[in-house]
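The following blocks contain the structures, represented as structure tokens.
In the two complexes below, chain A is the common chain; its partner is chain B in one and chain C in the other.
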Partner chain A sequence: MDMHAAKKKMSLKEKYAHMTRGLDWETSYQSPEKVFPQASFEGIKIHDWDKWEDPFRLTMDSYWKYQAEKERKLYAVLDAFAQNNGHLGVTDARYINALKLFLTGISPLEYVAHRGFAAAGRNFPGVGPRVACLMQSLDEIRHAQTQIHALSNYNKHYDGFHDFKHMLERVWYLSVPKSFFDDAFSSGPFEWMIAIGFSFEYVLTNLLFVPFMSGAAYNGDMATVTFGFSAQSDEARHMTLGLECIKFMLEQDPANLPIVQKWIDKWAWRGIRVLTLVGMMMDYMLPKRVMSWKEAWEIYFEQNGGALFGDLARYGITVPKCITQCTIDKEHISHQAWATFYQYGGAAAFHTWMPSDEEMDWLSAKYPNTFDKYYRDRFTYWREQAEKGNRFYTNTLPMLCQVCQIPMLFTEPDDPSQICYRESDYEGEKYHTCSDGCKAIFDDEPQKYIQSWLPVHQVYQGNCFPEGTDPTVAGFNPLAKVLEWYHLEHGKDNLDFEGSRDQKNFDLWRGMATKNT
Partner chain B sequence: MHIDLRTVAIKPVRQTFDHIVRRFGDKPASRYQEGTYDLQQTDIFHYRPLWEPELQLFDKRRSKVEMKDWYALKDPRQFYYGAYTIARARQQEAAESSFEMIEERGLADLLPAEVKQLALDILVPMRHVEWGGNMGNSYITAYGYGTAITQPCLYHAMDHLAVAQYLSHVGLVLDGAEALDAAKEAWMNGALWQPMRRHVENVLVVQDWFEIFVAQNLVLEGLSYPLLYDYLDADFSANGGTVISMMTRFMSEWADETGKWVDAQIKVAAAESAQNKALISDWVKQYRAPVLEALTPIAARAFGDKADSVLSEITDQFNARCTKLGLVL
Partner chain C sequence: MSTVFIAFQTNDDTRPIIEAILADNPHAVLDEQPAMVKINAEGQLVIKRATIEELIGRDFDLQELQINLITLSGHLDEDDDQFTLAWK
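Let's look at the complex of A and B:
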């Protein structure tokens, strides 16, 4: 009876192809080179954009439907969290410092990812990758905003969150993540996809996003962990896009292989250096720890990453060449980074502290080869000094690596008692890097990395004081002026956790919420 | 009646972030404010882009329009991601149920042949114009200045993709996959569509992002949407084509809503300086002519001998709208 039954129902794949892939056309009133001016300068050759396999097939109407449902749920939880003083449910106020690192160092980068994926979504000549990149651009602004909204309530009650955009552009350690994204966005669209789409979103996301969100779950932070669950399916989409992109580039032309391999080597190392901050967060900043940095590295990079690179081997791709160095570093970097932040705690926008005996025992157990041998005595000494009223703060500034911009705190691969320095000459100047990995990146593109805005150099050049500062007046305190320029409130945002306003307020408010006096 | 639940009251240390306080004072801020203002980096960049080494990553010099504060261009809808997706999800639900009903009951088969053919000839090829709108707005999202305007431009870009997909769906409902092939052929080679395709391609190579905003979001949309989704839509309804109206309801609602946002941007930018006003007015004049030229054969196909009067009414309404926004045409 039904005459429409004769019409064949289209498969989802066919329907998506009609709705999306057919939209594009080859321009003739304007040349394709003018319409897509960034398509070829990086040397990647693409012969047939139609060979692109869409990694997910979402039309806009289904995108809105799924995402709106997630947004409704997320904001209901955030409202309830704010209404019921959810921040008092976290394990310990020290935990909140991990969130400060996240909001100042990561959320603004979600924003840059949004802009960069919009650019990729305009610049690729193929409709398939363009639509996928635009959806990711939309997801990334979601992540920037939902993180800001989730942490907004913490900002109302705790220090260190209050001027995150201003700080990202200026504060010394925040130039590490900022320069990473500036580097990727200032490259071409294909390198962007390897840097962010593949290395960051695929290879490293389990070591960045997951530790923060699991940390939130373990430490009673319902706002952040709800954001994490809500973003999980977005992240899964981003991972498939990154993987599809690299496979597509490798399948299109054999000449793409050396370029892609070089980018993988570069961005794996760039990313791993940024992860130093995450390692430190996992081992030192979470009162209730999820796992050690070393364990996370072994599971998510050595095992999962190993399988991934095994899969890519058929294209001729090899494991990033930094892997040997990383295997040594996994035992050290979190301790070295925390030691550095502890000493420079006067110039950081979060609180630092030395681990308790119980925490040091945990670290010994997790790092049997290194913690007791190289770090425990130093940490114990600092703690004893602090207890005697001699909390140690260094008043000088560290030398920074020209590429990753992390202070020179890493040690020689074969000698954990020697700081590692590398040096390159370029146009009559000397440039310093922290490792063979960063030196190789510098030497390959020196004209790019000589442009780095290195916070410490800038301080010494006098570029980091508030307008109208006169450094010649008697009793001039350069560090105080730099903090003022950072908008970092001395005595509130910085220094030891012990005695901080955060610590006092948390105890007071938790008392109000749980006791009757 | 009123009941009073008691909660433990804690006095917060501050109400919002400092960059919001500097703009609006220390009081509770909206999610739109916290998710929009000053989010884009402005001050310190590490490397010059390989693709445009003479400029910074985010750089005001990518448009000739100048604003003391680019965040003056706020969105009257206050769309942040959550508000945007929730608003669109509601609209898509209505559209989805219309399409479902039409497909389940075979309502498209009841359309008069000439109405159906008109929709195939005019509406379906517009999907390519919409795709051009997506490209222009994603360019603005990438290279524009200040989250207040770049953020809604991404929403606008995705809306254009959605409209392109709704129009594709209209084609599939009316005549299956062949409808899309025929529309593509008309777009590439049919005489009716060449002036429009030439115009769309010319806008794809414009460098100044605010110029694209004017050319695409004000002029092209301001002239083509009333033609298709008011005038032609009224004709469809009058001639037994309500089914078409049901399938394009999203577009007419969307044009109303987004038109208000576009107006707010143009009005504020033009009011900023005589120079902006002259620049934007010139762009409107520059792009109005080729758009009207491109719409002429389309209007002739749609309205026959009424085409001239329809186009001149639309042009008058458009000119009045621009004058109201402070432009001089």
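Let's look at the complex of A and C:
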């Protein structure tokens, strides 16, 4: 009979050393440069990969154990939600439109994050970041899958959830988040880590998940809260990886500082522009609001980011240079974005509406400097017009920013009555950007951004119609054809919330759930 | 000095964890939000395995914190006995 001597349990540090560092090997018949061809072209100098620290010290065996536990908890809630018609428990059916935006605009990015971290893990010569990137890559595909699963419950009952993948690659406003991740993925592994690992995960992810998920809880949506918090439980690890990565680059060589600073400036601005969509969701799309976009910004960016950049100052890092503009913008962007979606509600895969008087009072209390002065009258006018049967839809297409791909909807930092745009010349062509931040990014790498796939340009070039479309026939309706190409069904997926199928069905089903008729 | 924070889902697993954190960090401030609990603390925050074990009456592995964790800020250092968040 075999005798097993009782083994002493390894400490966390020992286990981590064996199960990450101990798994590395030196290549013999290929040079390291050939095995890791992307490790040097960005100019980041690394002298000793062993200096990399993973403070969580998570090893693969524990990773599987805890992730499995998270999945069990999540799926118990999702089953209960589906079995009990949980969708009828949300505050009102307007809320569901925030989920449509989430599924089409955010969940697919989880999948891109999965691919990006798999690539980063492959491309880093150090074993510490490779293991951490592998775990994050697995987390991110879990996020994509659980979000799609959770929201598929809504697809059974509501419009607009039916073809998110197809839409991501075509619909005008979805090119904003898509191009953000494509920009990061098409850079090198170090820039990817600053773009996604640091700027997005550390500096900005709290603004996306925490207030939005608390908002889902507040609006009675248990399924979304649960997938949100389940995904978010991985984020603490992602944030830590992002922070470790930046510290590591800065500690390895002083020559890395200017490169890292440039990426921070770029990616903070890119990320903040994308989060305009989140600001709009928080201020306009949640029937019951937890906090305003401005308040979330102050807690998670100004206070928390302030502490972070205060700490990184010892390496010579300064706060992202967009901070002055952001301090002005926080009072405006959610209103400007919602006004734009309201006008373009004919071409959006969700419903739009104007806030009620009570909601406008909330907005003026939260935005005392701007809402009444710049937005309330316009919104009241649009609402009155809609009530008279003149619901206003814009039928022309907006100019897009060459970098962030957002329509030119933002105003000048020193004049909220003036639309802001900037112009650059490159090889005899003019390119337009929405801000000083986006212009600086364009001017630094014009050869990259002239390749942007801009939805509006593509529509005008005739590239956004279903195959076989003949635009020369009499009575040709380009918008109808574009919607068809988007797989967006006119009259069901788009237009006003008032009078929509979603609104009618929700009222009907909720009535059936609470009455004996 | 800057504030660090940690946030957990509000549930039965996290109740004793939060109780332990508040006991071990008298300077910490509790902020209860829908479905989540956030704890803010000036400078640093320490989570001790022993205090949690005392409250739940069983062995506890600090990596279990990850199951219900929502977010954190500050530099992290974790070993078998404690989980520390701090701005240096």
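The working rule: the second predicted complex is superposed on the first by the 507 of 517 C-alpha atoms of A that agree within 3 Å, B and C clash if a C-alpha of one lies under 4 Å from a C-alpha of the other, contacts with A are read in each partner's own complex, and residues count from 1 in each chain.
Basically, contacts are C-beta pairs under 8 Å (C-beta built on N, C-alpha and C of every residue); 3 or more make two chains touch, one makes a residue touch a chain.
None of the values given here were measured: they were computed from a predicted structure.
In the superposition on chain A, A:Q402 makes contact with neither chain B nor chain C. In the superposed model, A:A236 makes contact with chain C only, not with chain B.
Contacts of A:E69 after superposition on the shared chain: both chain B and chain C are touched. By the touch criterion stated above, A:S186 is placed in contact with chain B alone, chain C being left untouched.
In the superposed model, A:T370 makes contact with neither chain B nor chain C.
Within the superposed three-chain model, A:S199 lies out of touch with both chain B and chain C [touch as defined at top]. Of the two partner chains placed around the shared chain by superposition, chain B is the only one that A:V131 touches, whereas chain C remains out of contact. In the superposed three-chain model, the partner touching more residues of chain A is B, compared with the other of chain B and chain C.
In the superposition on the C-alpha atoms of chain A, the part of chain A touched by chain B in one complex and by chain C in the other spans residues 69.
Partner chain B is touched in their complex by these residues of chain A: 2-4, 7, 10, 14-15, 18-20, 22-25, 27-30, 34-35, 37-38, 41, 59-61, 63-65, 67-69, 71-72, 74-75, 83-85, 108, 111-112, 114-116, 118-119, 121-122, 127, 130-131, 134-135, 137-138, 141-142, 144-146, 148-149, 152, 155-159, 161-166, 168-170, 175, 178-179, 182-183, 185-188, 448-449, 451-453, 487, 501, 505, 509, 512-513. Listed in rising order, the residues of chain B touching chain A in the complex are 7-8, 10, 12-19, 31, 34-35, 38-51, 57-58, 80-82, 85-86, 88-90, 92-93, 95-96, 103, 106, 109, 127-128, 130-131, 134-135, 138-139, 141-143, 147, 150-151, 154, 157-159, 161-162, 164-166, 168-169, 172, 176-177, 180, 184, 187-188, 197-198, 201-202, 204-205. Interface of chain A with chain C (complex): residues 11-13, 55-58, 62, 66, 69-70, 73, 205-206, 209-210, 213-215, 217-218, 225, 229, 232-233, 235-237, 239-240, 243, 290, 303-304, 306-308, 310-311, 314. By the touch criterion given at the top, residues 2-5, 7, 9, 33-36, 63-64, 66-80, 87-88 of chain C touch chain A in their complex.
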